[in-house]
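Look at the two complexes coming up: chain A is in both, with chain B in one and chain C in the other.
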Partner chain A sequence: MKEFYKKLRMTFPRKLLPFSAIAVLIVLWHISIARSDSSILPGPWAVVLGIAELAQKGLLLKYIVASLFRVTWGYLLAASLGIPFGLLLGWYQRGEKAFNPIIQILRPISPLAWIPIAILWFGVGDSAAIYLIFLASFLPLTVTAMNAVRNIPAVNLNAGRNFGLSEGQVITRILYPAVAPYLIVGLRITLGIAWLVVVAAEMIAVNSGLGFLIIDARNAGNRYDLVVAGMVMIGLLGIVLDIGMRNLEKMKSIRWGYGGN
Partner chain B sequence: MSDGKRLLLGLLLWTGVLSALHLKLNFDWSAVVNDRLPENQRRLNVAYIPVTCHLTCPVTDYISRFSASGNIFIPKMFQGFPEIKEALIANKMQAGFMVAPMAMALQSQGVPIRIVYLGHRYGSAVVVHKAGPVKTFPDLKGRVIAIPSRFSDERLIVFRALKKYGMKPSDLKMVEMAPPDVAGALAAKAVDAFSMGEPYPSQAEIFGFGKVLFHARELWPDYMSCVLVVRTDMIENRPEAVQTLVDGVARSGHWLEKGRPEREHAADFVARFYYNQDPRLLRWALTNPLDRVMYTPLTPFKPDFDLVRDLMIETGVLEKKIEFSDYVDIRFAEGAKIKTAWNYTIGSQHAE
Partner chain C sequence: MAQGVTTTPERAIETAKINVRGVNMVFKRDGNEVNVLENISLQARKGEFVCILGPSGCGKSTLLNIAGGFLKATSGSITIDGEVVNGPDPRRIFVFQERGVFPWMTVEGNIGFGLFKLSAEERRKRIAYYVKLVGLQGFEQAYPQELSGGMKQRVEVARALAVNPDVLYLDEPFGALDSITRLIMRSELLRIWEAERKTILFVTHDIEESVQLADRVIVMSARPATIRRIVEIDIPHPRDISSPRYLELRDSIFEEIGLAHKV
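After this line comes the complex of A and B, so read on.
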């Protein structure tokens, strides 16, 4: 028996491991649905057919575009404001002392708790959803940038100044390379949060997107195949976004921060 | 090209392509154009959720588009009453359909809205497991029943039933649940019963896991649930637009009461173009039997609302007594009394 496992380990390609785990999950899902007496929960094949139906009606592309659009704008706005703000707070300690308490108070509030306020300010539409994603991304990115600056060893900065670098040169030649790897990690984690929030926001504040697909399918009667189809698409797109962010880590100016990898 | 420039270019391209696709595929340009018009020419934005209680909203929109004057308002589908309430407060919606107790409670809390018309009559029911142990209402003692909101007539029906059978509120465990989830919860036996508006009782019947214990009208002869509310600034500044809206809804109500073909046609186009539901569901709710949900008479009557108000006070969701004239503006319903059904033949592209 031991020989068999050893041989299996030797012959089973490493790259297939993730797919085999997914395959096992799908088989378990199929068996549990087939053995249950519920006609409500869909099996994997029903979900595949549901996704095909959405694609055929043109809804899949529409909803994916809507969700990605909202995440892109909310997230980019947060990154373009939150990162410079965090860098400033990290650079100027007085700023950090002044703003840190309010950041720490606001940070634990779930972006979803802001939904009623978002609707009151922006109504129902893209603006409300983008605002919620902005909120979800802004504070984590600010804190990441602030901590990234605070973590730069003072000796590096002092050495730069001793070599006669101007303030601008210290920023471009010491600060930027030092904080970039931290920022990329923060950006990756925050994108995951933004993706979670867009789905929840679309369940309430808009009439398109993958979150809307789920709530709309709930309203459509016994269409739990479409509910799960929405969940599957959210998961798959989440992976695609994460892979995209991982590619940023391969940039030359970032790679130094990841050791031998 | 440096990494930074490549990244910036990639981001610009990604954002540009996504924005262009979104504007093409998802954007409601008619609403944008409407918002740019002078205020006195703008069509009202009307909020609804995909239930039969709000059916006159999509029916009016669908039929009026074939009339000489075109669509008389812009319908906007929501997923729940709290969001409709917030959109009304923010003036993003000027009118909307919502459950009567919520409209009354909001008005008493100072939200600037008035009830101008009813959405329907009847069309709510208490549903239990088809093969379960509950055969009569008293069998529900000690069990869990789902209701859509504490501010709903469906909750008040349960209280009326409790009173009729000499039971106490503590004999039941009432849980608030989003309407789309109740049929699934009943099928999964997470709840023992639910009190909801159509099409959720129909859904439980069609899929074979639920049966109607009683329809609302059996305990409440003139039962009404959802109402049409309008912001008071619209009533003051643009009464003619409000009258057009109420007239349209009244005409749709009369048209739906013409008979089975009209109801089946409405089930088909509303399910396909507005609610995104299986048309069988609406067809069942609208024709099984034909008077399961009624769309006339929709004029608000004081005794109906007094009854709701007193039940609300009795069950702790309204603090003080409010007068009918404070929260209902009857003049639009009076103005719509002379209106008749849309002159619209099924399948034609013409309506008057």
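After this line comes the complex of A and C, so read on.
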């Protein structure tokens, strides 16, 4: 028996491990649905058919595009404002002293708590959802950028000044390369948060998107096959986004920040 | 500084490269005033290797930071070639412990860091020269995280020398290295110093290190730091560290600090 395991371990390609785990999960899912009396929860095959049905109606692509559209705008807006703001707060201690308490108070408020106010201000529609994603992404990115600047070793900044760099050169030649790895990690984590929030926002604030699909499929006749189909699509797109961001981390100029040491 | 009006001892001081005059440093901490440096005056001649020796936390690094222009003295002044130190300057480069190298740059990038005003060709030549001087051939494209502590320290020294400064400030540069690497680095530094003849202020708490390296050792007291004694090390390089004169000078410093024959 021991020999058998050893042989199995030797011959089984490592790359197949995650896929075999998924296969096992799907089989377990299938068996438990088949053995239960519930007719509401779908099995894996019903979900595949559900995805096919959505694709056929043209809803799948439409909803994916709608969700990605909102995430892109809310997230980019947050990144383009939050990162410079955070860098400034990190650079100027007085700025941090002034704003840090407000940031710490606002941070524990779930972006979802803002839904009523978002609808009040923007009505039901894209703007409300984009605003919520912006809120969810802005503070984490601000805090990441602020801490990244504060963590630049003083010896690096002093060395820069010692070699006669102007203030502008200190920013481009020391500040930027020193914070880049932290910013990339912060951007990746924040994109994950934005993706979580868009689904929740779409359940309430808009009439399209993957979050809307889930709540609509349930309300319009308990179509739990479509509910799970929506969940599966959210998961798959989430991992695609994460892999995309991970590729940024492989950039040579910022790789130093992730090396062991 | 007008010439001709100075008295004789002052004139001797004016020939000094680095002239520290009556420097006091008081830090305010939690409302308390901590006296760190008390009336420090010392000189270093052009091309001289001066060690500032004192116990940990005595304020010798503070003195070096004032000389480097990173801190402002509470009172007193430091002049270099008669010019008051008012801020960091590429003519005087501060070498930190090896953590001063830029982790996002290769060895080449680090060594060429201060050469941004030169042409690409000139820069390439200088980098190659100093890579060779500190013995890092073959590691030009390596990042600091791939290097040992001693190699990182060489990168820092090469980065400093590459901009051709008059003065090098070294703040316990070998403090984080193992004892064998430290010995190697000392002789490397002496070899480079003999080749380039920079004026060096070298801060250390290691008595042996100071006697091995310096032309003169400034022995400091514990905080608030005052100068206890200045010891001329009149042994030519390379120094035999078991010669009677070496041992005599070393022991006299041990005695000055009150540690002789106690271990």
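Please note the rule applied: the second predicted complex is superposed on the first by the 259 of 261 C-alpha atoms of A that agree within 3 Å, B and C clash if a C-alpha of one lies under 4 Å from a C-alpha of the other, contacts with A are read in each partner's own complex, and residues count from 1 in each chain.
In this section, a contact is a pair of C-beta atoms (placed from the backbone, for glycine too) under 8 Å apart; a residue touches a chain by one contact, two chains touch by 3 or more.
Owing to the predicted nature of the structure, the values given are computational and were not obtained by experimental measurement.
A.B. asks: Quick check for you: in the superposed arrangement, does A:203 touch first (chain B), second (chain C), both or neither?
C.D. replies: Only chain B is touched by A:203; chain C is not.
A.B. asks: Is A:27 touching anything from chain B or chain C once the two structures are fitted on A? First, second, both or neither.
C.D. replies: After superposition on chain A, A:27 lies in contact with neither partner.
A.B. asks: Which one hits more chain A residues, chain B or chain C?
C.D. replies: Of chain B and chain C, the partner in contact with more residues of chain A is B.
A.B. asks: Using the superposition on chain A described above, determine whether A:62 touches chain B (first), chain C (second), both, or neither.
C.D. replies: first
A.B. asks: Give one of first, second, both or neither to describe whether A:162 is in contact with chain B, with chain C, with both, or with none.
C.D. replies: The second partner, chain C, only.
A.B. asks: Just chain B (first), just chain C (second), both, or neither: which does A:178 touch?
C.D. replies: Only chain C is touched by A:178; chain B is not.
A.B. asks: Please work out whether A:216 is in contact with chain B alone, chain C alone, both, or neither, and reply first, second, both or neither.
C.D. replies: Only chain B; A:216 stays clear of chain C.
A.B. asks: Touching A:106, do we find chain B (first), chain C (second), both, or neither?
C.D. replies: neither
A.B. asks: Which residues of chain A are in contact with chain B in one complex and with chain C in the other?
C.D. replies: 253
A.B. asks: In the complex, go through chain A and note every residue touching chain B.
C.D. replies: Touch list, chain A to chain B: 38-40, 61-62, 65-66, 68-69, 72-73, 76, 116, 119-124, 126, 203-205, 207-208, 215-216, 218-224, 248, 251-253.
A.B. asks: Report the residues of chain C in contact with chain A in the complex, numbered from low to high.
C.D. replies: 68, 70, 87-90, 92-94, 96, 99-100, 102-105, 113-114, 116, 143-145, 163
A.B. asks: So in the complex, the part of chain B that touches chain A is made up of which residues?
C.D. replies: 3-4, 7, 11, 14-15, 18-19, 21-22, 25-26, 50, 76-80, 82-83, 86-87, 89-90, 92-93, 178, 180-181, 183-184, 187-188, 199, 203, 206-209, 275-278, 281
A.B. asks: Would you mind writing out the residues of chain A in touch with chain C in their complex?
C.D. replies: Chain A residues touching chain C: 153, 155-156, 158-159, 161-164, 169, 173-174, 177-178, 180, 253-257, 259-261.
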